[in-house]
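All chains are identified by letter, namely A, B and C, in their written order; residue positions are counted from 1 within each chain.
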């Protein structure tokens, strides 16, 4: 009974939050042992795999989102494109931010060998990347990182599910 | 298999809608027999009885909400969140909505140069802005405006009394 | 993105990578030296109005360093580093190019999640920000709006300062016709950017290649005298 109750409470919080919430926030609100909560949360992640929900994990925070396999249906319902087109430059820049975050614009430009201000603006407006701080360096340049939206956009549950950089042979 | 699929589809739609939707909207989107959908929906209503979700039916529309028995927990969570003053980005978004209403999310984002879904959500939860209609444009995007309470708070009787902003084109 | 004939490239490194892969070479200094001429002839096809031309020229200058090392083996450590830089940079870039094409494959599956809809408050409340009035909001708005034009102005400036390879070539040809002989220093003394100097040098190389001029330099880093043929 208690377990069921805990699961129900976590579900309610995930739903009303509508944004990524941390294990700590859940634990503090419910006032239960963090190990128990983590266990229930992991159970929910599994359980949702054959439902219409999915739990997306980013930076130890959890977001209740729609199932990947219903993507086309949801896009139709929202009257939106399934995916807005991202240019090859934007995708290239996104990949750099994914694997090198937090990273400054100058650092991205030195990898790509070309100006990135416009693509960065596109990725910001799309919510795929965000400012995550300032680098302790002259001029204190902005540092960019990825968002949970990047994960929902690509349709993966967590960053670890993305292709691994180390596996690439050059 | 097909039944499960249908159930999953309905769940995804209820989640991304975030507001009450009609049986007709669900049926039209999925493109399935209305009797089947109704049956699945009833099944979900039953199933959720011992979970953290609840499907609330009002005026022939269905809303995915949190379970009543978790109401106290939900209120605690939201109050915790609302204790904080508005962030600089929330204030900026509010300013744009106040003077540019009715305005779509994409328009706000092109002014701010960054994704705004999260700040819009914060402003909506706090009762400062609300959906005021749809723009007659491709995709019929949602238009946001201030709530009557917010206008009153600012000392404005009606929207038309706000200082004109035409000279500052978007 | 930049269009070169029927292909588009995301930047100079993309073009370089493409040339190396076309020749089935590994990324190393020897292959970079080998494709230098191809690179130089490719960038001459670049639409001269492209604002990213300067980025392509910077890489061109690095390639020229590399090639000149074959002729002049004595280089400063700074120059050595610059060459190694290009090799490392290209290897790194290739990794991300590969990753972004893997991202493309993921996207092609048409499977994605959507965030939950923006919900009205589950508890009905009105919580206005403290001490905020119309004037305050107007200031915030004007500050937000003032950030847009700044971005456009910066781009305009970029476009203005651009000098194309074709234009430079024409100018140098004009000079040769008029005076038979000129010094390299004199033609770059009014250059506004490093890119302009590089482009002038490239134009000069092109003229040597087309056997339009001969050049003379007495010692390293001295002025170059250009003579019409």
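Just so we're on the same page, contacts are C-beta pairs under 8 Å (C-beta built on N, C-alpha and C of every residue); 3 or more make two chains touch, one makes a residue touch a chain.
Since the structure is predicted, the reported quantities are computational estimates derived from the model, not experimental observations.
**Q** Which one of the chains is closest to the middle, using the mean of its C-alpha atoms?
**A** A
**Q** Starting from the Cα centroid of subunit A, hunt down the chain whose centroid lies farthest away.
**A** Greatest centre separation from subunit A goes to chain C.
**Q** Mind checking the centre-to-centre distance between subunit B and subunit C? Centres are C-alpha means, answer in whole Å.
**A** From the centre of subunit B to the centre of subunit C is 45 Å.
**Q** As a quick test, compute the distance in whole Å between the mean CA positions of subunit A and subunit C.
**A** 32
**Q** Quick one: report the Å distance separating subunit A from subunit B, using the average Cα coordinate of each chain.
**A** 21
**Q** What positions in subunit B touch 2 or more of the other chains?
**A** 12, 15-18, 65-66, 74, 78, 113, 117, 121
**Q** Residue numbers in subunit C touching 2 or more other chains?
**A** Residues 114-119, 122 of subunit C touch two or more partner chains.
**Q** Enumerate the contact residues on subunit C facing subunit A in the complex.
**A** Checking each residue of subunit C against subunit A gives 1, 8, 10-13, 27, 51-52, 55, 58-59, 89, 91-100, 102-104, 106-107, 109-119, 122, 151, 154.
**Q** State the interface residues of subunit C toward subunit B in the complex, per the touch definition above.
**A** For this pair, the touching residues of subunit C are 114-130, 132-134, 137-138, 140-145, 147-148.
**Q** Taking the complex as given, what residues does subunit A use to touch subunit C?
**A** Those in contact with subunit C are residues 15-16, 18, 54, 56, 63-69, 71-72, 74-75, 78, 82-83, 86-89, 91-92, 94-96, 98-99, 110-115, 117, 121, 148-149, 151-156, 162-163, 165, 168, 170.
**Q** Quick check on the complex: what are the subunit A residues that touch subunit B?
**A** 4, 7-19, 25, 28-30, 50-53, 64-67, 69-70, 73-74, 76-80, 121, 124-127, 130-131, 147, 149
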